[in-house]
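The two complexes that follow have subunit A in common; it is paired with subunit B in the first and with subunit C in the second.
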Partner chain A sequence: MSTLRSVHDFVTLVRDELGLPIEESDLDRHLDDVAGWDSVHLLALCSALERATGRSISLPAVLTADSLGGIYATAVDR
Partner chain B sequence: MTRTVSVLSAASALPGPTVDNATLGRRLGMDRLWEQWVDAFIGTRTRHLAVDLDSGEIRHTLADLAHQAGSRALDAAGVTPEEVDLVVLGTATPDRLMPTTATVVADRLGIDGVPAYQLQSGCSGAVQALAVTRSLLLGGTARTALVLGGDVVARFYDLTADLRKLPPAEFVNYVLFGDGVGAAVLRVGEVAGAAALRSAFTRLVGLGREPGATLEWFGPTEDRNRPAATEDYKAIERHVPDLAAEVVEELLGELGWARDDLDYVLPPQLSGRMTALIVERLKLPQATEVSCVAETGNNGNGIVFLQLERALARLAGGQRALGVSIESSKWIKSGFALEGL
Partner chain C sequence: MTAGAAAPSATGSDAAAELSELYRSGRLPTEFPRLRALLAELPDTELHRAGRLLERVGPDAVRAAHPDVPVVPITVSGYGTVAPLVPLLTVELARHGLLLDPRLGDFGGYLDALAAPDDSSLLLTLLDAQVVFDQVPTPWRPEDVAHTFTAKIDLIEGLLARSTTPVVLNTIPLPRIFPAQLIDHRSRALLGAVWREANARLLRLSQDHPTVVVVDLDPWAATGLAVRDARLSVYAKAHLTPPLLHAYAREVAHLARARAGAARKVLALDLDETVWGGVVGEVGPLAVEVADSHRGEAFREFQRVVRQLGSQGVLVAAVSKNDPEPVREALRAHPGMTLREDDFVRVVANWRPKHENLRTLAEDLNLGLDSVVFVDDSPFEQGLVRRELPEVAVVAVDDEPADHVGRLLADGWFDTVTLTAEDRQRPGLYRAEVERRDFLHSFDSLRDYLAELKVRVDLAVADETDVPRVSQLTLRTNQFNLTTRRLAPADVLALLRHPAATVLTVRCADRFGDIGLVGAVVLRHDDDVLHVDNFVLSCRAFSRGVETATLAEILRHARGSSASAVTAEYLPSRRNAKVADFYPRNGFTRLDATHFRHDLTDMPRPPEHVQLTGSWPPGGTP
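Right after this comes the complex of A and B.
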């Protein structure tokens, strides 16, 4: 059962799991412009998304996203 | 007085079997996502480790590996231990504080009655050792030197750690590094078929800069208030390509060589992906890259010798090569130049 039911849940997950103080307004920002973001966070976020959704996530697929919103879409729109 | 120092040979010693990302990931409790991440962002496929992953036992010391590499380099050069009148070893991870690994290795090789120096150094250590040796040889202190460099980082691997809970600055160390030692034999004068070491320099550029990497005397399982090893990979990504480009410019300027004169380039070996980015930044398309980090991991003080071993096998008479190494600890840039004889 997925605990990721909305964008709000996703923002909470990023804040709790990665410790990044993002808001919903940050979701469309390019990843390079998200304060504190780096590639290690991508791994932690994908792992957290797998746990939250109960689904397997392909990192190469996530790599096509250039924003947190894009990553969220990849995680839920399968 | 001669102005030439020749590199007669280079050799290496890597511990145990090749450890690929799948094997390392399984042992560290990491999954398929982690492997995909390592492929995409680190680009290092394999490494060798002094620790046996199944038992956790450390099976190779720095002295063991340095002994092997040193023996191989002497054999390849056709030089006997009695002919060696200088030993210099660079490492960040000596087996003990005393006696130095340099003296232990000299003893195992049957070298005695000569200066045996050990440099406490990081990724620029091999070039530091080459630069110090070159100066001593040109200054007349010695004629034939055995130069070594390497690291055994295995004792910084906490195989019980939950990688998912480690901060990024500690987490990345588990995939970047490998264990290994390299060695070279240097001799005063021009030796046909060898490579002239035309230049070797190191320069501290860390004034007012925070260290980009730290490594403590203690291991990760000891109860201390700070981590045993950290890596500020963001600062490293930002500064190392520019510093590497500066080293190339400085060497070319010093030697009066043109970019088109270069046949080989030995770039900094941070990880498969970072090294590829640095090579792009160096803009030396005509020079063949000599790299091994994707297969060996970053061996710290050892990896320049591993590159040197590969370069010497290919460098023909009259061909030119530049080597670059950047140490992100307190920020040291270093480089050297070779010319086939």
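Right after this comes the complex of A and C.
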């Protein structure tokens, strides 16, 4: 059962897993403009999202996403 | 569990929550010393996360809060993406109270890093199968693989030959997708053979290059850790899986700990249900399970591993809540017992709390509690020791004795770079030490004791055969180490060959036996002044006048060779406060906070109870 049911859950997951103090308002920012973001976070975030959703996520889609919102969409859309 | 470490516990989720809270409230840097205890409670999946949080906090913030925290500079280089290794190294070092100062090499730049290493840090050169397979033609044959792999190792070895930087290499487990591309068994076998030959050659590099350590990843892969994650490898160029990287980081952290002179030395074992099956006080000393039954076989296997560790210098002790008699009887008289009384440096069986017994044990052995690894099957005792003695590493075993061996060995608590002859003799020496202490109690004064002890000190100029032990003394000795200058074997060798330097070895014996090479002094001749660059003495030789006799002899020699003065230095560290006054106590004048001088007019008398022998100065009698 997925523990990722809302944008709120996603924000909490990013904060807990990566230690990034983001808000919902950061989701639409370009990743370059998210304070503290580093591309090395992507792999950790992906595996955390896969654990939370219980399904695999398209890594190419995540790697080309340019915002946290885009990554969230990849994780929940099928 | 990925790397097979700490068993998850009921308190694990509390610790995870507490860690999150410390991070959110910005208190992780100030609470860094307490992290060791928190991390000990976490399962591996949580350790990954903790590592990411700690990496975000960064070493500068921790150092600002704790200027004394030991920092380990590590350069991380590799063929593929190595960044995921950093949080894992961060957290694995934090488990030992060490702070990672990471420097990240350029992507794919492992050869550059080897060619121009940063001498102040440990260099990790992380190798994966793509190092080879990205360079073979398509289609390839086993011969191509052999050719490419050999060429890579030639390149690496050439760079190592020019370097004295400590380097960590690794064997490369072969992902199945490669042999499986070969459809005939003969070729497949050939690929397996050339691959393993190349890995064997990598492993042998550590024999020829004293500054190289090779972490063997094959046994980790054999535990079931996946080597390759197709998506991570293809899309992110991360060619080794996070669990395998975690195992690697764990080994590197133990290596860093050993290099920092903090390898663990004592294995303290609970007895009932840890060393044998059953409660000895209930079933009787001859009925505990140690052989010839299903559970008995499991305990026998564990006892054999303990004995194996003991043969390499690990000091094995028993700490048991029992009456002493049945315990002694079980160890002496049970016909199936593998471990015997002689395998233990001390058997403590009483009803005192275990943390008190462990504290006394460490004192008796003259070692810090951070030298101790404690194994117990009781969650109560595990928790008590973790809380009361956070420096002690607690290995949690449970009611499945077949898992005891795996739990004990999941962490390389006793890992060291090389073993010396002294290491192997250490348990016997410490057993004698315990006898010495019992002997001490039968004397009214220390002076009587020392007179009866018949201490003999032998001073000699170090030769090449002494190099490993002298290096080890500088690396491992923390308390009686006047400047804490750590010397790798190559450094000692360089000193031996330096015309203005003299390295003295201090050997010691007494009525209980030979204690071996227990100390080293590095002297530097600077015109007519003799400078004591460093003075280290193993804790085994404390408190019996060895250091005073040695220093008096150095002064006597200096005066005899027409030196005008002897100068010396004391650099405070976290652990050497007990020798802060060593030089002033022995007649040196304090020049400033760290420098001392003896003008050789008022000569100290060597302690009467010490008999000095030896070949130093060369050709003369001391």
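Quick note on the criterion: the second predicted complex is superposed on the first by the 78 of 78 C-alpha atoms of A that agree within 3 Å, B and C clash if a C-alpha of one lies under 4 Å from a C-alpha of the other, contacts with A are read in each partner's own complex, and residues count from 1 in each chain.
Methods note: contacts are C-beta pairs under 8 Å (C-beta built on N, C-alpha and C of every residue); 3 or more make two chains touch, one makes a residue touch a chain.
Everything quoted here is computed from the prediction, not taken from an experiment.
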item: Partner chain in contact with A:Thr64 - subunit B first, subunit C second, else both or neither; value: neither
item: Partner chain(s) touched by A:Asp16 [first = subunit B, second = subunit C, both, neither]; value: second
item: Partner chain in contact with A:Glu50 - subunit B first, subunit C second, else both or neither; value: first
item: Subunit B versus subunit C as contact partner of A:Thr3, first or second or both or neither; value: neither
item: Overlapping contact positions on subunit A, where the subunit C interface meets the subunit B interface; value: 40-44, 47, 59-60, 63
item: Sites on subunit C touched by subunit A in the complex; value: 20, 23, 48-49, 52-53, 56-57, 83-84, 86-87, 231-232, 235-236, 238, 242
item: Touch list for subunit A against partner subunit C, complex; value: 16-20, 36, 40-44, 47, 59-60, 63
item: For the subunit B and subunit A complex, residues of the former touching the latter; value: 31, 33-34, 36-37, 40-41, 164, 168, 171-172, 233-234
item: In the complex, subunit A residues that touch subunit B; value: 38-44, 46-47, 50, 57-60, 63
